[in-house]
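Can you keep this structure in mind? I'll have questions shortly.
We just call them A, B, C and D in the order they show up, numbering each chain from 1.
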Amino acid sequence: MAPGALDVVFRDVPVVTSRHRVFDDQFCFLFNSYYEAVGPRHARMDRSLLSRPGIEEISRYRRHVDDAMAASVPRLDPALVELGLQHEEQHQELLLMDIKHVLSVNPLRPTYVPGERYAVAAQPSASPGWLDHNGGLCEIGHVGDGFSFDNEAPRHAVHLVPFSVSERPVTCGQWRAFMDDGGYRRPELWLSGGWATVQTAGWDRPLYWLEDDDQWTQFMLHGPRHVDAGEPVCHVSYYEADAYARWAGERLPTEAEWEVAAADVGHCSSGDVWEWTSSAYLPYPGFRPAVGAIGEYNGKFMVNQHVLRGGSGASAPGHSRVTCRNFFPPAARWAFSGLRLARDR
Amino acid sequence: MAPGALDVVFRDVPVVTSRHRVFDDQFCFLFNSYYEAVGPRHARMDRSLLSRPGIEEISRYRRHVDDAMAASVPRLDPALVELGLQHEEQHQELLLMDIKHVLSVNPLRPTYVPGERYAVAAQPSASPGWLDHNGGLCEIGHVGDGFSFDNEAPRHAVHLVPFSVSERPVTCGQWRAFMDDGGYRRPELWLSGGWATVQTAGWDRPLYWLEDDDQWTQFMLHGPRHVDAGEPVCHVSYYEADAYARWAGERLPTEAEWEVAAADVGHCSSGDVWEWTSSAYLPYPGFRPAVGAIGEYNGKFMVNQHVLRGGSGASAPGHSRVTCRNFFPPAARWAFSGLRLARDR
Amino acid sequence: MAPGALDVVFRDVPVVTSRHRVFDDQFCFLFNSYYEAVGPRHARMDRSLLSRPGIEEISRYRRHVDDAMAASVPRLDPALVELGLQHEEQHQELLLMDIKHVLSVNPLRPTYVPGERYAVAAQPSASPGWLDHNGGLCEIGHVGDGFSFDNEAPRHAVHLVPFSVSERPVTCGQWRAFMDDGGYRRPELWLSGGWATVQTAGWDRPLYWLEDDDQWTQFMLHGPRHVDAGEPVCHVSYYEADAYARWAGERLPTEAEWEVAAADVGHCSSGDVWEWTSSAYLPYPGFRPAVGAIGEYNGKFMVNQHVLRGGSGASAPGHSRVTCRNFFPPAARWAFSGLRLARDR
Amino acid sequence: MAPGALDVVFRDVPVVTSRHRVFDDQFCFLFNSYYEAVGPRHARMDRSLLSRPGIEEISRYRRHVDDAMAASVPRLDPALVELGLQHEEQHQELLLMDIKHVLSVNPLRPTYVPGERYAVAAQPSASPGWLDHNGGLCEIGHVGDGFSFDNEAPRHAVHLVPFSVSERPVTCGQWRAFMDDGGYRRPELWLSGGWATVQTAGWDRPLYWLEDDDQWTQFMLHGPRHVDAGEPVCHVSYYEADAYARWAGERLPTEAEWEVAAADVGHCSSGDVWEWTSSAYLPYPGFRPAVGAIGEYNGKFMVNQHVLRGGSGASAPGHSRVTCRNFFPPAARWAFSGLRLARDR
């Protein structure tokens, strides 16, 4: 998921409605997160040095934008409005990811919310079964009138060998078994880049796990909490997911396998964690990015990332689709990311 | 192409023939390039600090290994011998890559060979045509008795949309047009990671190109030479190949497209440059790496790399196959790498 | 000047008065800037990730400390109170340095204060004369009942050759002449480490100077302002000061020369800028740091820094003394630092 | 000691004798180690990529230079010849430092020489006494007809408080006691920069010490050897020397103290190890560097370094003088550097 594009729509407002008044010329520079087409921008590294504008001016800017949006929406292309809303939902999950990370490194361990709103549910303790699929010529990708991001299209045929995917994501209890079996200390389980990261970053557990008097806890948006063996493991990287699958004698599903299996059962996941797939994030056959700044939004990140499917407890309700393609670099762990196993039949 | 595995076979010699005598116990540590299964190894960064063993001892070691190999080959598994030879051929191309690079940064601009042995041939000046393919369900990958590396198997079905690939690689003359049109200065042509590399590394031409009194020359293994507009461009990264294709209004072929088109015409390329494809380097369906150190040779690099197809003027004669998969990270330029365009029909 | 020791005194409060109540146990970790004796601390690099405690809790903490201080001061050792206040004055100047820096990198160029409170005064346009001194056996360093920091003692004899120091600091107009004469482009003027910094950091003017339509402006705490040729140059590093002096055919004074010359005229500087000396920051003969955390305050920084003397427009009124030793690394520019020339007689 | 200036004299040869023929124009670029006045140079970082010129050409170059020197010496200014020879002696010690370092990181642990030529002698086991000095007005620095480097002049007066210096350098046995007492784990013993280096570099013993089955050995130019408790400790940094002195309740001598004490007893050290002093490497009053490239040789390094006095077993016989000033940055350990203690009387 590409960070930072809220203002694509805002910025296009003046194009659609000539009555729009720019709040501050310099904000275009200051709040341009990564759009080359929009012009120069403040260096990302130096953002932490920004102490201004102050909170009052930010609030006024927010109201200014809200007012402009409210006035403009009736005149805007509804497809553009929907893209803006969907994209805003992506930002809301990214904000929760960032908030969780930044609170987790604060030695005061502050909490974001009092309740367990973003916690994931424990699963039935019985071992999950396998969803079998006969493979063959299948279709994946979005088609039709409903909303989708550009990277979900066009719908196209893929040929699959017969395969099975697990009914449920890998749990924390299973991950504990991987750890106890030396999973983080055995190079033969890892991709070369993954093993290098294990060593330089000192990985020996999922992000946010803490060992406390022989008890495993994990930092949550509502504070530290016991690790429940039955809940899906979360905040693992692609490298870790891949190593786990190799340790388990299975593999990760491709995104095509994931999608056709999910379409079969009619839903897109447990909804608890995004699930890593073994597919690199690449354009579908015939993919064409949109023209202008909106076109930078997905296509230019199609290298060195892997696709995740499904959705998480921090995703906006109704946000995800069976065709939805999330993506992160293979070492990223701060997304709400877990995994599901697959195997050849 | 993964660097450094010559001694896989050497190391297995003692397993096969108990008469093998180890030359020096510590060489196992010193010359282990990256095999985790073989044990610890000298840090790569510190290799340039090694002044010993001296050249005489290295020569004796070489003779020792040659003698052991000559004595062992009749008793070795012929498949293992063939893998060793094929792998040695990969090293020979890698050595030429490294020699070219290290000579190029020497201000004395020394030459490796006097003649033009590794130069590429200029092509017919007429514009290349397109090889059309109807797509549909095709098969790619190695099958049968001939040699292949493990990553070329198993042969499997892929579904392709109708496409065309250019008859010939992109030339230096075409690349000059890309440069003259601001190709290296227009962010909209580049993947995000590519544009970042352009800026940090200061890319504005292929590796080894030098501008000299308004003339373009390139550093070759036989020294600097005029850039011929008709020869295939070489030493460009995936990022550059991808940007060029976008600038040209075309795209790179997938590795499946490349392979079925090459199979159609019965050969695997002009043989001048390895050709970048848009496919990430990933395992084929059903791929299983070999057991032991040999299994580290390909599988553990299957992330953050792109596939190249064909072969170069520095490849050993007869080395390449239509199913052969070379691979490098998207910013790598020191391979003999060029590109061929493709488009949807 | 060593950053960050406000809480030396706060932390010692419990020692003196048993009634002190700790506000929050974790703040001891969170706000420990660099005191090893006080225990572990939050990594400096990660400070910008701290979003909590919030402003209300910080305000309550501030009131808590203020109340505890007010209640404790009558019972505290007056010497300790004075050290705390003097040290707090150092922090106030450091805060102004940091505020100026952080506002200067904000593209909105916000101002800290409306007026010119921290601006330096222009000087008489006549060339400054030289204060001559016959050298010989002199004494420097603090002695007597008045306050001083530990690094100013003990008073001791030094032997000086006859010398002169300029009556006034180097001005912006003189610095312009240095720039115009290629001062930042001529390696023969620079210390080796200074020249390396010029090249890597791209120095070609004092910090905060901006060129705008052939006019030089400088960023001030009250916003950008014209560079006045007659005012002392400010925000130059030791490397720059040293290069300027070499260019001018003079040299920087030692701290002993500076102090005896200042003592002669009865004041410690123009008060506009701290003045670099050629003296490394080292302990005086017989120097002994205090026991405990207070002892970390000065002594442990006595390497790789140079002494500045005098005081700046951002120093608290009455803060400086003729014996006062400020210190920064040779590449530091964000202090209010200028220079005065010296020569042998 | 500044690395790399052998060719100052060589380069000046053409100036003195018009018959000199330049061997290769490009060598001036290739072998310019750091002289800005001589022109551009090959980047230091990239030196390990240089494989040419080959050993035969280097040998021919060497003979060319030797011949030119032999022919020129009779016509050269004898003072320049002496400077060249003295400087060459510095290089010879630097070469031994580099050879020792590069062999020490080779896992084969090769030896440079078979015998113990560069080993230091064990000292009498009796505790050393103290050499007392009454201080007062003393003179240091070179004067007279004998050779000295420019940084040793001019001779000048310094005022010293009464002090004592130890008769002998600190031994390995004493250093073991420091280590056993947690010397490398107690921040209160260290300068701030030293403690940071201890942590990032993982220092817990002198450079080249190895622990082997509870025995301490050290890597020497003739290979690993038992650490003798009675020999002077070697290969410790200024940071370590300073921490040791603090631990021992003493201090390091200033360079002035060292020199006047050495002059008293009539020799300049045991000759086993260079001895760190607490003095920063700065110009003496009235110091003027020579004009031209020779002037870059010492003066431009006068910042962020500390002075060492004496000489080591790797110094050329007769090289050192009681006024000789060697210098290295405070974290450098690869020089043959130890320490001697001092105290106020």
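Note that a residue touches a chain if its C-beta (ideal position, glycine included) is under 8 Å from a C-beta of that chain, and two chains touch if they have at least 3 such contacts.
Remember, predicted model here, so these are calculated numbers, not experimental data.
Visitor: Which neighbours does subunit C have in common with subunit D?
Guide: In this structure, no chain contacts subunit D and also subunit C.
Visitor: Among all other chains, pick the one whose mean CA position is farthest from the mean CA position of subunit A.
Guide: D
Visitor: So, what's the distance in Å between the C-alpha centres of subunit C and subunit A?
Guide: 47
Visitor: Just give me the whole-number Å value for how far the CA centre of subunit A lies from that of subunit B.
Guide: It comes to 33 Å between the two C-alpha centres.
Visitor: Averaged over CA atoms, how far is the centre of subunit B from the centre of subunit C? Could you give it in whole Å?
Guide: Result: the chain centres lie 57 Å from each other.
Visitor: Quick check on subunit A: which residues sit in contact with 2+ other chains?
Guide: In subunit A, nothing touches at least two other chains.
Visitor: Answer with line, ring, star, complete or other to describe the graph linking chains that touch.
Guide: Looks like a ring, each chain touching just two neighbours.
Visitor: Using the touch rule from the top of the page, what pairs of chains touch, sorted by label?
Guide: Chain pairs that touch: A-B, A-C, B-D, C-D.
Visitor: Show which residues of subunit A lie in contact with subunit B when the two form their complex.
Guide: 34, 36-37, 137, 156-161, 187-188, 190-195, 238-239, 242, 278-280, 282-283, 285-286, 296, 300-304, 306, 330, 344
Visitor: With touch defined as at the start, can you tell me which subunit B residues reach subunit D in the complex?
Guide: Residues of subunit B touching subunit D: 26, 29-30, 42, 46, 48-53, 102-103, 105-108, 110.
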